[in-house]
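Note that the chains take the letters A, B, C, D and E in the order they are written out, and that residue 1 is the start of every chain.
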Amino acid sequence: MAEAVLSIRDLVVEIPTRHAVLRPVDRISLDIAPGEILGVVGESGAGKSMTGNAVIGLLDRPAHIASGEILLNGERIDNLTKDRLRRVRGKRIGMVFQDPLTSLNPLLPIGEQITETILEHLPVTRAEAESRAVAALEEVGIPAAAARIGSYPHEFSGGMRQRVVIALALCAEPALVIADEPTTALDVSVQAQIIALLKQLCRERGTAVMLVTHDMGVIAEAVDRVAVMYAGRLAEIGDVRDVLTRPAHPYTAGLMASTPLASKGLKRLNQIPGAMPSLSRLPEGCAFHPRCPKAAERCRRAPDPTLAAGGGRAACWFANERVA
Amino acid sequence: ETLNWARAGDALTLDPHAQNEGPTSALSHQIMEPLVIRDMTGKIVPALATEWAPSEEDPNVWAFKLREGVTFHDGAEFDSEDVVFSFNRAMSPDSDFKELLASVTEVRANGKYGFEIVTNGPNPIMPSNLSDIFVIDKDWAEANNATKVQDFEGGEDTYAARNANGTGPYKLVSREPDSKTVLTMNENYWGKDEFPMEVTEIVYTPIQNAATRVAALLSGEVDFIQDVPVQDLQRVGSTDGLQVITAPQNRVIFFGMNQGDADLKGDDVEGKNPLADKRVREAMNMAINREAIKQVVMRGQSIPAGVAMPPFVNGWTEDLDSLPANDVAKAKALMADAGYADGFSIQLDCPNDRYINDEAICQAAVGMLAQIGVNVRLDAKPKAQHFPLINNLETDFYMLGWGVPTYDSEYIFNFLAHTKGEKYGSWNGTRFSNPELDQQIQRLASETNLDERNLMIANIWSVVQDEVLYLPIHHQVLNWGMAAKVDTVVDPDDEPKIKYFKIK
Amino acid sequence: MLAFVIRRVFQSFVVLLVVGLVAFSMFRFVGDPIENMLGQERTGADIERLRGQLGLDQPFPVQYFKFLTGAAQGNFGVSYRQGRPVADIIAERLPATLELASVSAILAIVFGLGLGVFTAIRRDGWAANTIMTLSLVGVSLPTFLIGILLIYLFAVELNMLPSFGRGEVVDLGWWRTGFLTESGLKALILPSITLGLYQMTLIMRLVRSEMLEVLRQDYIRFARARGLREKSVLFRHALKNTLVPVITVTGLQLGSIIAFAIITETVFQWPGVGLLFINAIQFVDIPVMAAYLMLISVMFVGINLIVDLLYFVIDPRLRGDSSKATA
Amino acid sequence: MMESRLSRAWQSDFLWSFRRSPTAVVSFFVVLVLVLGAVFAPLVAPHNPFDPSSLNLMNGFSKPMQPNAFTGEAFWLGTDDQGRDVFSTILYGMRISLFVGFCAVLFAMVLGVTLGLIAGYSGGMVGTVIMRIADVQLTFPAILVAMLIFGIAKGFTPVHLRDQMAVWVLIFAIGLSDWVQFARVVRGATLVERKKDYVQAASLNGRKAVGIMLRHILPNVVGPVLVIATISLALAIIAEATLSFLGVGAPPTQPSLGTLIRIGQGFLFSGEWWILFFPATTLLVLALSVNLLGDWLRDVLNPRLR
Amino acid sequence: MNALVSVKNLTRIFDVSKPWLNRLLEGKPKAFLQAVSDVSFDIEERSVYALVGESGSGKSTIGKMIVHLLRPSDGVIEIGGVDLLREPDRQRVDKIRTDIQMVFQDPYASLNPRWRVRDIIAEPVTARGGKAEGLAEHLLEQVGLSAADAGKYPHEFSGGQRQRICIARALASEPKLIVCDEPTSALDVSVQAQVLNLMSDLKEEFGLTYLFISHDLTVVEHMADRIGVLYLGRLVEEAPRDVLFADPKHPYTQMLFAAAPKLDGFGREVEPPKGEIPDPINPPSGCAYHPRCPKAVARCTLERPEMRDLGGNRVACHLAE
């Protein structure tokens, strides 16, 4: 494996609240290689966005990184000063959010927003930055980009807006892009376009991508490796084909089975009983055990199974037995 | 020396005959002159006339000898022509002074420096009516299209309303109504050597808010303010470089009561008018502790009154003005006698922007009357709302203040004691009516024998006092605050004549 | 946008008509002007004559109609108290009020915006909290009291600033300004603070809460994610978006500055239209009162129109094709 | 049992953030003490300043805690120009101020919320007309409205009713100049709420418009309304004071806090500072506490700002 | 089997014009948005009829017209043979209106946050003045929650649980038809499975009929008996589920199938579909899909294809065969 663009080591994010300290991200470790697309899936509230935000240093108070390391190209970025971290953002890590409408400042023309980002990170003149902005827009497939540079976000359709957002994320040629549910707000046809665009651009530039989503289908089609999160913890990580076709964690298995496609022809869908516990009421031991069909006595006790970096596929006491 | 002078209100106009009103006349006095003037003690002294007397031939004529060698501010010469012109102007329909000259049938020149006023009967007190009738230059008025008096109510704006050309000690430099008026000394004034004339420039600023006015004096921004709020007298007086001087004013404050109506609308007594009972009025008169009002509300700055007549007025006697005893027990007994042992309730209407501490006085009276069971609701309001109540007979119990520009009792009787009517008694809100008294009042005007006349006045007063027609409270005291360098006495009409001011 | 302006102007016109009607009918209850205009010695005939002269004996609708037709031609009649055309008096007084109001407005806006932004970014800092609490003191005392206290402190006790009036003024054509002399500028300080304090607090608090709101928007997060400088994020992105809602309220506040000038002008004897109005009320000077109210309405409506037009400048979503913007 | 536990949980959440904020706690107790003092003024106050027969003018201008020069009586906070005990007068005056404030806000709230709900829910012509009326209302600055209403009411009310009327007129005048902000906020919130599916569900289930407005939308807009109401209360108390300064306030024999300040400010330069100082401080503390409470409430009720 | 719901030529036009003054000055005509145009279909009793289509295709508008939250501009909706719009007998109308219920997309917005669950669920009964003692508790158990939850407030529940409460509310008036507007699109797959299963179970138990609105083909495939595909307010294809999935005839349907991500589509590289949905205010002439259609011919730009039967399918395409 080539040196990872992003390495997360035992990352813990904590939110102190009135009753207890919550851990929306709990001992996560993962790597993304150059040019690789890593999918992150999990139910709502599993901590996917929180992980992404932690990487780019945008956790909202009171959430903060409590322990662990984040390395970008081998360099620690979780303990940078505000200003140095700012220079990492946009320049070395690009970000794409879920809702393209709210991601863009409604009062500034899109060209202006791209130009300012370029000027911020690259040593170019304003004129150069502007022509680069046009080029960036052309790359993401905005027709007549030069003419639309002065348009405001509201003058674009949803799909076009998301293209603009992608252009913004990529305009300073970052090594890593974090895309947090970039297509959830879009129609299938547009979703297909955006995913294809993202894949194409990253492949061309060798950018590593962390693609957060909860759509298994998107994962299957778009990513190289996938990480499955549950209640803030990494449940399983591995090659996408392996994980999806031969899940090692009962949670992954349940998730896969409950998609209508997987239950084709059945009168009822397979379902995981119960719901993901709230962070303030996590069970002892493996967080999934109350819903797990295979749960044994060991699962109910601390410590819970954790996935260390490169330490296997699934955080399940039974994983290795079954994969083997 | 510049005198920065402030008071609550501004002059309304510079046209000397358009408005008969305190601040207006006060400003006019600096710029223009009447034939005779009241000096700062209220005494009538020569101004543009040097001598005057009833004509020996005709008792209906007053003859005046005019001052010679006087010039107007623009250099024009002053003579009898200007006086005749000004008097005719003051008697024209738009003039606000025509009532003062109502008895005048004709004015005429008698040579260049002689002037005569013809009246429709002997008028023994004629000169006292003339101290605010200013003289302006005929040629100037003609040249500037200002021969007619400004129709103030009709909203006319004339040259004379914004400019002035008098013979007075000060000349107009600039004027912004309600904001600032600047006057400078008239170097050619006839009395330049006769009067102190130590103020060379006057800057006159109306400052309405009392606290601001005092603040301006305290901070040295103005040198002289009229109407210092009584509570601030001590502060002003004890401030280094400032002084306060006080003097009784020609104004008495009193309450009027509806004693004529058979029943009152605003009371809680069915079918009767408690105020119609003299015993009740007497009781109320006794209940009011004038000394306390003086001490607390007025901070000593008032002269408790026993009669609704300022002490300057012809007819005033110490005896009349002696205070009714403040005796709550006796008052209660009177109330019980009259059948109001449990009291009654009534509304007192009071202005809150007219007299010194008017509202506080009323409030104090409320407390005092409460002690004899008269339960008073107080309604204090701006004068614009208060006075119509009196004139339209819409109030049963009200406060009123009365000044007597003629310094004669007749003026009081005409307005306050005579049965209310068109010509007489127009400010009599008491509904009191005594035809016999009315006759006596009307006879006063034509009585030439001064002794006889004074007897009649005394008679009328005894009736008024006996009826407890009004509840007199006090005579107002004027308070002028000024820089210590200013040396003057207080003018009882509250019209400072700055030519008399000395600067230390 | 043209349609918008036309609609606003039309609405403003209706508003003015209503204001005129309301104003006019209300004055009938303030008192009887006649009593003030005639002296102690007036007769009943005088009263009747004057009533006729002023047209006060005519039926109310006739009076209103006359007032409206006059007002439309800029003729508001003649002041009962000063005996001069109201339009002249107002023209004379207006510069004083406008100068005071504009200085206060600038104070309110500059400090309101500045402190609002400061307290929003330093949210929970001690300085911001202190400012927030102090600002509440400013709105917890009536304006007139603040004015009097300022006079007491700075004019009477410290003798630093004048307590009343405009100081020296200079005539520039018909405009009489206090901006050009030292004493004129000094005289402006206390009144404009008194007048602007309340609005400043309001603007500041509004800016703060709107700014906090904007700062948690996605595009701010995205701007940060793009690595923009904090200064650029706060002032280029956040502040501009904050302004959109702030402008409306600020517009309304500017309107009420002119109205609140009544109190300040009374306390400081500031020779502006507010003082004129208070004097007019005491004197029941109906033409002046009516003209003043109309003037206030015109200004209010005018300010609102400008505010609405500012929206078009600031917010591109309102420009051009609005159907797309709302879709 | 379940229910009480849940409501307790909700309340304790509220109480928790309350307890955590010292400003809120202090303000709350200050307001509480002042309101209780006002409500129980007849029991707390040593004198009844509204009973003129109990006043002795000679007690006037007594300094705090010092015997009066004439009568020898001493008063805790001194007396005013009428010999009224300042402490008692403040309590009684606060009664009027608070009463006027509460009622004015209540009036403004009822009017504003009703019109806001209607304008927001029915939209269209009705909504436009209501909001245009609100615009006209805004064109008249609050103090002008109040002054004019006062003028009118004086014209209409019979002479002997004016005293009682004064307070109601104040309430009406202040309330009338205050309803617009309620209407605006409620309309805004209603526009948001009425698009939500639960409103659709209710109308689908046959609820009439009035029922939807009152039972569904109203409970969901009370939050901001409450915040405005609190802040308006402070404003109303101050507005009352300002009107009193301009001479259109409570009757002088039954002074409100504002009237007291108006009276007191006349004695600022003369050294009788207590006549102004104590009522003004009371007003400041009252308004400040109410404002601080409102501020805190705004933060608590607005989850977005947390 | 007979049709419970029969929709004929249903059309809904929204007036999205600017105010008249703007139009006057800008010289623009009134603008209309035809959200639903000439849609006809029948829903058989105890069946699930699904409407699919991308955002803005008019699915919700149809749903709302069927539950009478919106009035059609044109066309007829008959429920149990009664045309509610034209039926003069008010009692009958009221009776039938209780037969129709709706479940909305956003479980967070569909429950009044200030109401207790008990009152929410009972509202269809209480709003019409009925008594609902114990009803909520009973229904809560029916939908897999506990009776004790009746005293709680909505914010104490997760999204899936809320959707269950919505379903319980829909059941309260014992309806025959429930219109489900994207009932699971806001939910996670695992929760979606639970809710869909619950809906299937309830359908069997109560003999319900569903109009199931969704944009997710996989969900539709699982739930529906018959499917209508909407594009820009028009029905472009309608067929029984198996027929449609086996052999989609309309190019739009085919595109939808192709674009939907597949669970087993590892590394799938397909040419993404072209273009986006056009502006509904100025829809393309002829067949609205022609600008994006790979097969479009000149005729498609000119002539709007009629719905025609084509071996079990109804298709509105000139070229389909």
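General remarks:
Everything that follows uses one rule, which is that a residue touches a chain if its C-beta (ideal position, glycine included) is under 8 Å from a C-beta of that chain, and two chains touch if they have at least 3 such contacts.
For reference, the UniProt names are A = ABC transporter ATP-binding protein; C, D = ABC transporter permease; E = ATP-binding cassette domain-containing protein.
All values reported here derive from a predicted model rather than from experimental measurement.
Fewest steps needed to get from chain A to chain D (ABC transporter permease), stepping only to touching chains, is 2.
Listed by label, the chains touching chain B and chain E alike are C, D. Taking the mean Cα position of each chain as its centre, B sits at the greatest distance from chain A. Comparing chain pairs C-D and C-E by the number of C-beta pairs in contact, the larger count belongs to C-D.
Inter-chain centre distance (chain B to chain D (ABC transporter permease), centres taken as mean C-alpha positions): 44 Å.
Centroids built from CA atoms put chain C (ABC transporter permease) at 39 Å from chain B. We define each chain's centre as the mean of its Cα atoms; on that basis chain A and chain E are separated by 32 Å. Averaged C-alpha coordinates give centres for chain A and chain C (ABC transporter permease) that are 53 Å from one another. In chain A, no residue reaches two or more other chains under the touch definition. Shared interface positions of chain D (ABC transporter permease), defined as residues touching 2 or more other chains, are 154, 265, 268-269. Contact between chains, per the stated criterion, is found for A-C, A-E, B-C, B-D, C-D, C-E, D-E. Across the complex, chain D (ABC transporter permease) meets chain C (ABC transporter permease) through its residues 23, 132, 135-136, 138-144, 147-148, 151-156, 234-235, 238, 241-242, 245-246, 258, 261, 265, 268-269, 280, 283-284, 286-288, 291-292, 295, 298, 304-305.
Across the complex, chain B is touched by residues 51-53, 55-58, 60-61, 70, 81-83, 154, 159-160, 162-163, 247, 251-253, 265-272 of chain D (ABC transporter permease). Remark: chain C (ABC transporter permease) residues 30-33, 35-45, 50, 53-54, 77-85, 88-89, 92, 148, 151-152, 155-156, 159, 162-166, 266-269, 271, 275-276, 278-279, 281-284 touch chain B in the complex.
Residue ranges on chain E touching chain D (ABC transporter permease), taken from their complex, read 64, 67-69, 94, 97-98, 100-102, 104-106, 109-115, 120, 123-124, 127-128, 148, 151-153, 156, 166, 169, 173. Within the complex, the chain E residues that touch chain C (ABC transporter permease) are 16, 18-19, 21-22, 24-26, 31, 281.
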